[in-house]
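Below is one structure. I have some questions about it.
Chain nomenclature is as follows: A, B, C and D, assigned in order of appearance, with residue numbering initiated at 1 for each chain independently.
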Amino acid sequence: MPTGFHYSRRVQFSETDLAGIAHFSAYFRFMEEAEHALWRAAGLSIGAAETTGGWPRVAAAFDYKSPLRFEEEFDVTVSIAEITRRSIRYGFTVTRGDTLVGTGTMTAVCTKKEDGQLRAVDLPADVIGRLRAAAGDPPSSGS
Amino acid sequence: MPTGFHYSRRVQFSETDLAGIAHFSAYFRFMEEAEHALWRAAGLSIGAAETTGGWPRVAAAFDYKSPLRFEEEFDVTVSIAEITRRSIRYGFTVTRGDTLVGTGTMTAVCTKKEDGQLRAVDLPADVIGRLRAAAGDPPSSGS
Amino acid sequence: MPTGFHYSRRVQFSETDLAGIAHFSAYFRFMEEAEHALWRAAGLSIGAAETTGGWPRVAAAFDYKSPLRFEEEFDVTVSIAEITRRSIRYGFTVTRGDTLVGTGTMTAVCTKKEDGQLRAVDLPADVIGRLRAAAGDPPSSGS
Amino acid sequence: MPTGFHYSRRVQFSETDLAGIAHFSAYFRFMEEAEHALWRAAGLSIGAAETTGGWPRVAAAFDYKSPLRFEEEFDVTVSIAEITRRSIRYGFTVTRGDTLVGTGTMTAVCTKKEDGQLRAVDLPADVIGRLRAAAGDPPSSGS
């Protein structure tokens, strides 16, 4: 199993489509659920952040390797792929047992609401530290 | 075709499930879309209302008669089934050509935000008048 | 907590709407997830049934008492409200701690595929027995 | 407005989230709806294809530039970005009036069902020709 924070789930009936598999758009919800579970494991809530600005996505992508079917259990592993001054890029690996279901990424920017507008701001240092710890990252040297 | 305001749509792929038909929960979105189209036709927006309180649902129901499949076009007819001092009950009939797909109802309550809490308030008279007109209702006598 | 089979879940971000609460259509997916968890607890899968006919819904309804917000945990209790020759009506109670979120019902009909058409058939006796047992119902006398 | 096939839509209430904007996963459904509208414009249906194999996605991505809000109308432009022997990559540009909402891509592979398994097969020449024509592509030389 890949390194990182683990989130487990089962495919629900409403997530399948007429091809009999989980709809391709469902994987973006799976990634987000795993991201938010990581935040909770880090003692944070992205919901609280929403009132003061939030973390809008700037990019999301998924590569599909093997389908998921109704009631199958799968695991989403989240890791922190890259941190810049104002953004986090998460990496995701979805597996079902030993089978690779696919891999994805999501990039979110830290924002503050000012005069009704969202403005990108520097990532809070403690948020980074907590997320890294919850994702099982080694602490970066010198920080 | 039943009397009322008409909203037309096509079943999208993501709305189907592994049984090959539109998922039963999709009909509640279909009803809401028709309700909001009625509001727009009445020169209103339920979105603007949300900032000051909004119209939370207190009840929703649907009876399924015949399934909808991918890419099928269907029609949702909205009528105003009942108006009380603080609530509207909409009636919905979903048809595909001459086939009855099902019928439903939704009841929404008019609320105002006060100290962060939603409180039920009397329906604004002009909202009722506009919705009735857009739904093709005869004006009620004496109003 | 009400009597019946219990299914627990958390509200996901994608299930909220601009009013800041779980969208009213999400509760129909919550009920279905609880129903399918009951089937699994009974050693059954509604997915397998779909290939030979399945259990289309004929009615679904929900009465909303108190909203659910992002990340809140809630409990869905499923009970078997009524069994007729060819249909099951489930009753649902959604709670968040001591707060009643709402109550709902769903009625599904047992069908078989014949010549590409779904035809209502009698409920298999063992399915009823297993669902009743998993829902904690007292066995009906004489069965 | 960008070149390609145009599909227009309005943001529905159920597609918004507590941040007050269309949820980031909704854009993948917007892209798929536009793709299927392109297929219909080409006289084809991807639904019919599903019974014999279908076009599973192998990759999907979206870059977000500006949010969409409830009831806003937007336009999705689809073009055919690349065709290989067995896959189509679509390019998507989402705009709201003069505002760029974002851009995305989706890659689908042509498959046939053989002994219950999906196997990648060569794209049917007439499908390519029809999609290119509907997307407003200049016919490729020599075809």
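Keep in mind that, in the parts below, a residue touches a chain if its C-beta (ideal position, glycine included) is under 8 Å from a C-beta of that chain, and two chains touch if they have at least 3 such contacts.
Source: prediction; values computed, not measured.
The chains in contact with chain B and with chain D alike are A, C. Taking the mean of C-alpha positions as each chain's centre, the chain lying farthest from the centre of chain A is B. Looking at C-D alongside A-D, one finds more C-beta pairs in contact between the chains of A-D. Between the CA-based centres of chain A and chain C the separation comes to 29 Å, rounded to the whole angstrom.
Inter-chain spacing, taken between the CA centroids of chain C and chain D, is 35 Å. Centre-to-centre separation of chain A and chain D, using mean CA positions: 24 Å.
With touch defined as above, residues shared between interfaces to two or more other chains in chain A number as follows: 13-14, 18, 21, 25, 29, 32, 47, 70. Chain contact summary for the complex, chain B toward chain C: residues 18-19, 21, 24-26, 28-29, 32, 47, 50, 54, 56-64, 67. Contact residues of chain B toward chain A in the complex are 13-14, 16-18, 20-21, 23, 25, 70. Considering their complex, residues 12-14, 29, 32-33, 36, 40, 45-47, 69-71 of chain A touch chain C.
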